[in-house]
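Listed below are the structures to be examined.
Two complexes are shown next, each including subunit A; its partner changes from subunit B in the first to subunit C in the second.
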Partner chain A sequence: MLNSGSRIWPIATNTVREAVRHRLLYTLLFFAVTMIGFSVLIASLSYVEGERIIQDVGLASIRLFSVGIAIFVGIGLIHGEVERRTIYTILAKPVTRSEFLLGKFLGLLLTVWLQLCLMAIAFVAVSVLVGAGLDLGYVAAMLLVGVELMVIVAVATLFSSFTTPMLAAFFTLGIYALGHLSRDLYSLGQASDVPAVKQAATLLYRALPDLESFNLSTQAVHGVAISGAEVGWASLYGVAYSIALLILASFIFHRRDLE
Partner chain B sequence: MSHPITTDDSREIVRVDAIVKDFRPGLGLRAKRVLHEVSFAVREGEIYGFVGPNGAGKTTTLKILMGLIRPTSGNATILDCDVTETGFREHIGFLPENPYFYSFLTAEEILRFYARLSGVGGRDRDRRVQALIELVGLGDARRERLSTYSKGMLQRVGIAQALIHDPKVVFLDEPMSGLDPIGRKDIRDIILRLKSEGKTVFMNTHILNDVEMICDRVAIIVKGRIRHEGPIREFMNEEAMRSDIVLAHLAPEVAEQLGAKFSARVQTVGEQVEVQVMDGQVRDLLKSALEAGAEVLSLSPNRISLERIFLEAVEQGEQADGSSAAERGAPAC
Partner chain C sequence: MVWLAAAVLAVLATDALHTRLPPSGGASRQMGFVPDPDLAKVLSLGFGAVLADFYWLQAIQAAGGDVRITPELGDHLGRLIDLVTTLNPRVDHPYRFAAIWMTASEQNVRTANRLLARGIEYHPDEWRNYFYLGFNHFFYLLENDRAAEWLDRASRLPGAPRYLPRLAARLKSESAEIEVAAVFLQEMLNTSQDDVAKEGYRAALDEIEVEQSARLLDGARARFQDRNGRDLRTVEELVAGESAVLRTLPAAEPLALPSALRRGSTWVLDPVSDRIVSTYYGKRYRLHVGESDRQRAEGWAEERRIRERVQGMEGSRGETRHEPSNHDR
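Let's look at the complex of A and B:
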């Protein structure tokens, strides 16, 4: 009997090869690198803390464009395979639907991590050029951007497993926006006098991803100490949340008719 | 080429029991039944033709067998395993209708990809890839991207990927689709070769000529219902088991003698002699005609019967459909 890894890995590597041919990926990558470079110009307009502005804008660009790539490449991940019927010959082999889904997820994740590395190189290059300091805080911030991307790719995979790319984009963007507001929504709910509102806010906070827990940009730019435990727990949370989403995606995908 | 003979007591490789499939066109819309209690069995070592007009339910049935869609009710098994399971798939190959592949890969790369998914590893993988590329006649294009391939070439890639792991059972959905006459003959030869290797072949098609030439048993499906099922010979009456031969350079009196000797119908038309003879007598008649100095212009099996049964089945299906529509349309009393 074949082991799952030997079936998942070819699907993942093939997904990387397919994704790197996506024009949108290069367009967003180009804009991200341009924005990182453009931050030098923005900083030159400021009289104070130019290096911080460069790094702040740089990190924000990396986060924004990475998420853009993850969403807009990820939304068609499964739908495209069903639409083009390439999935038929794959599932006729001894490949389970869960293995297929996991292979596609890993492939896209490797692609967005690869482009994250390229953006990080551009960020480091610009920081070195302008003489801005770099420390382990930036490494931690980048690491958690990677974990956030994992969650976003899992969300995109979930929606891609049962709906059209347009709806998947709409839902994934919605989850991304709500995920960054989930702490605020929770705080607002807790401030309410109505118990039902409090409960609903708690429920929403538990169900939605807390994407702000992956945001260490401010601490990194302002040199605030970041503990290893903070990074570790956030990473663990991201991995657990992604696994839960993939189990749900797999459950839905198993029951779907691939017409 | 010698073919293993399938008998009625051969093991059942594919079994479909009263499969029903309803499709719901949209939310709140009434479900449409596309398969009505479809049942049949495919035995070990045979080539089974699943025949029907477009929209009859052939591809839907095949999708159920491949686990791509679930039946509304009924059961289907392949190699005694439920079709929703995965493990037995290492013993089956599948060619979908008009197959699509990752266009950025070459034929070699896509076959290696499928080989890895099927658990074919190491040297065996390279050997199988090269052998299949040669078998389907893509040797010259093996390193070209699939985006540059014609429809016929993609069909050949589809056949190759279906066979990459040397499966016991092969499912082919319209395997001759998009192929020129040479391509169709090549695929027919491959299918017959699979049979000679003891493999079971299930083939969806609407091309009766192909069915007659290579299938052992046939099911005719019309509008989601099996109308006929059985060995191909059962579809043939005496008329259908004859072949038409057109000869030239044969004296009319010799032609008459041959007709009498082989109980053949002989008709002289100008310089040509048209002979209709039982299939079993073809070889001897041709031998005698050639010895008498005749030239064979054509030889074709008579295929009236299967075609007639097929058309009758389609007609029956339409009539049944029409009457049920009329019943639905009748005012309630």
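Let's look at the complex of A and C:
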């Protein structure tokens, strides 16, 4: 296990180095920070609840651009290595395909968490500047954005392990949308009189990532109490879902013909 | 050099074309498309709060400035605020914004009441939502009992003014209507953050002040008739000569009126209504804000009675179609 860790870590750090050279990362980060700053202008159009609007827009920008970075940087993870043929050099060493995949996943996750921290700093700075309140609820919300990003990176890793970047982006975006719709799909299914539809809706709800469980932005902005259990269970769920996805990705990647 | 000239030419041409385009856009006051709230909630993909902010800004744009409050505008605002509060029901001010602006028809007021009820569901400790609901029942719908119920509930919440139980009791007794209206309006003025609405409340309070003076004069006129066995020829007779019943006449203009706007108004006997009126307003006050008044509220009540009668007849014919009543709030 220790040996495995020592093999995964260099791949992860290398992936971070590679990702931070990605121009797209900076472009999206720039837009995110600009949007957070721009929220002050947007809020000035309202004569009430301006601080709430600033924080709504700020948190939405963080979530939107973080997911954008996770997807569009993540989809090329494996494909780039195969195209540059560097994957053969790595796999020629005593590194298993699972370790390679895990290293790539961790590297990208660290990158998106790093940019999440930068966006959070911008968010806090703007909130402090306009005198908007900040409490532990925001920490909880931000923490769960991080967990949601972990799940999205795992989804991107899964798709990039067997398909082209274009298709991987398409599939990951689809899973992201369905992940936010899964609760509504479930409710719709349960309202049906047809048992098969109910079962299918339940199955979909169980299989798709329940991404709404990581969305505490509104509660944080409105000062609604967020329990530690809520954050804890959602985090555990996110970790478990990501592990399941990585096992599946590893299984597929082991069988993939890289020639 | 040629490239530079071409670039300048292109910029100038684009600008010239741009100036020909109509300036109004999506964020204008035009009553544009408002999506179905439930569908928008589903499709917001977790970004409901920020989408709600977008439509909230649209609502402010639609209502802001010197815009005339019409039933159509009320309907549009109702759809927008319904959307805003479906996407993010935890918002606070939009519920009361609906109550302020949706007053031009009974349907508008009922919709605003439904939105306020949603606000109460999500902010059960916010007394102002109960208060506004009470105000709507009292002022626009002439439903004093229901108004009293909401005020009663508001009075038990933290931060509620101490006079609310008294106000509720007076509503139940159906007396001193104009004083009740004054208290309501003063509170709306104190709590509202909307400058245009505040101006409306101030104007109504000024009018109530002058009406209270006119009622004082009505009483003096009755005493004058008793004493002299005849009616007034001029209002000045109330304070002139041996038959005077008052020492001075009250101001015929609102006291808070800036001196620049004072017109030296007086009290006169209106030849049409034969009532004492201030030349400042030229008519006696009837309970109202903006265009809604008792007559309109009574008109709404009559329409409702007819509608219910027709529905009752349809029901007795055994028709199965049933429309839920919107009068439950």
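Here is the rule we go by: the second predicted complex is superposed on the first by the 257 of 259 C-alpha atoms of A that agree within 3 Å, B and C clash if a C-alpha of one lies under 4 Å from a C-alpha of the other, contacts with A are read in each partner's own complex, and residues count from 1 in each chain.
Convention: a residue touches a chain if its C-beta (ideal position, glycine included) is under 8 Å from a C-beta of that chain, and two chains touch if they have at least 3 such contacts.
Bear in mind that the values here come from a model prediction, so they are computed numbers and not experimental data.
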item	value
Fit-or-clash call for subunit B and subunit C when the two complexes are aligned on subunit A	fit
First (subunit B), second (subunit C), both or neither touched by A:Val224	second
Partner chain in contact with A:Arg85 - subunit B first, subunit C second, else both or neither	first
Touched partner set for A:Ser6, first subunit B, second subunit C, both or neither	first
Which superposed partner A:Asn215 touches (first subunit B, second subunit C, both, neither)	second
First (subunit B), second (subunit C), both or neither touched by A:Arg21	first
Angle, in degrees and to the nearest 10, that opens at subunit A between the C-alpha centres of subunit B and subunit C	160
First, second, both or neither for A:Gly131, with subunit B first and subunit C second	neither
Contacts of A:Ser46 with subunit B and subunit C, given as first, second, both or neither	second
First (subunit B), second (subunit C), both or neither touched by A:Lys93	first
Superposed arrangement (fit on chain A Cα atoms) - minimum subunit B/subunit C Cα distance in Å	35
Residues of subunit A that lie at the interface with subunit B and also at the interface with subunit C	none
Touch list for subunit A against partner subunit B, complex	1-2, 6-7, 10-11, 14, 17-18, 21, 84-86, 88-96, 255, 257-259
Touch list for subunit C against partner subunit A, complex	42, 45-50, 52-53, 56-57, 60-61, 88, 90-93, 193-195
Residue ranges of subunit B in contact with subunit A within the complex	23, 63, 66-70, 86-87, 89-90, 92-96, 98-102, 104-105, 113-114, 116-119, 158, 161-162, 165, 171
Touch list for subunit A against partner subunit C, complex	42, 45-49, 52-53, 56-57, 59-60, 63-64, 176-177, 180-181, 184, 211-212, 215, 217-218, 221-222, 224
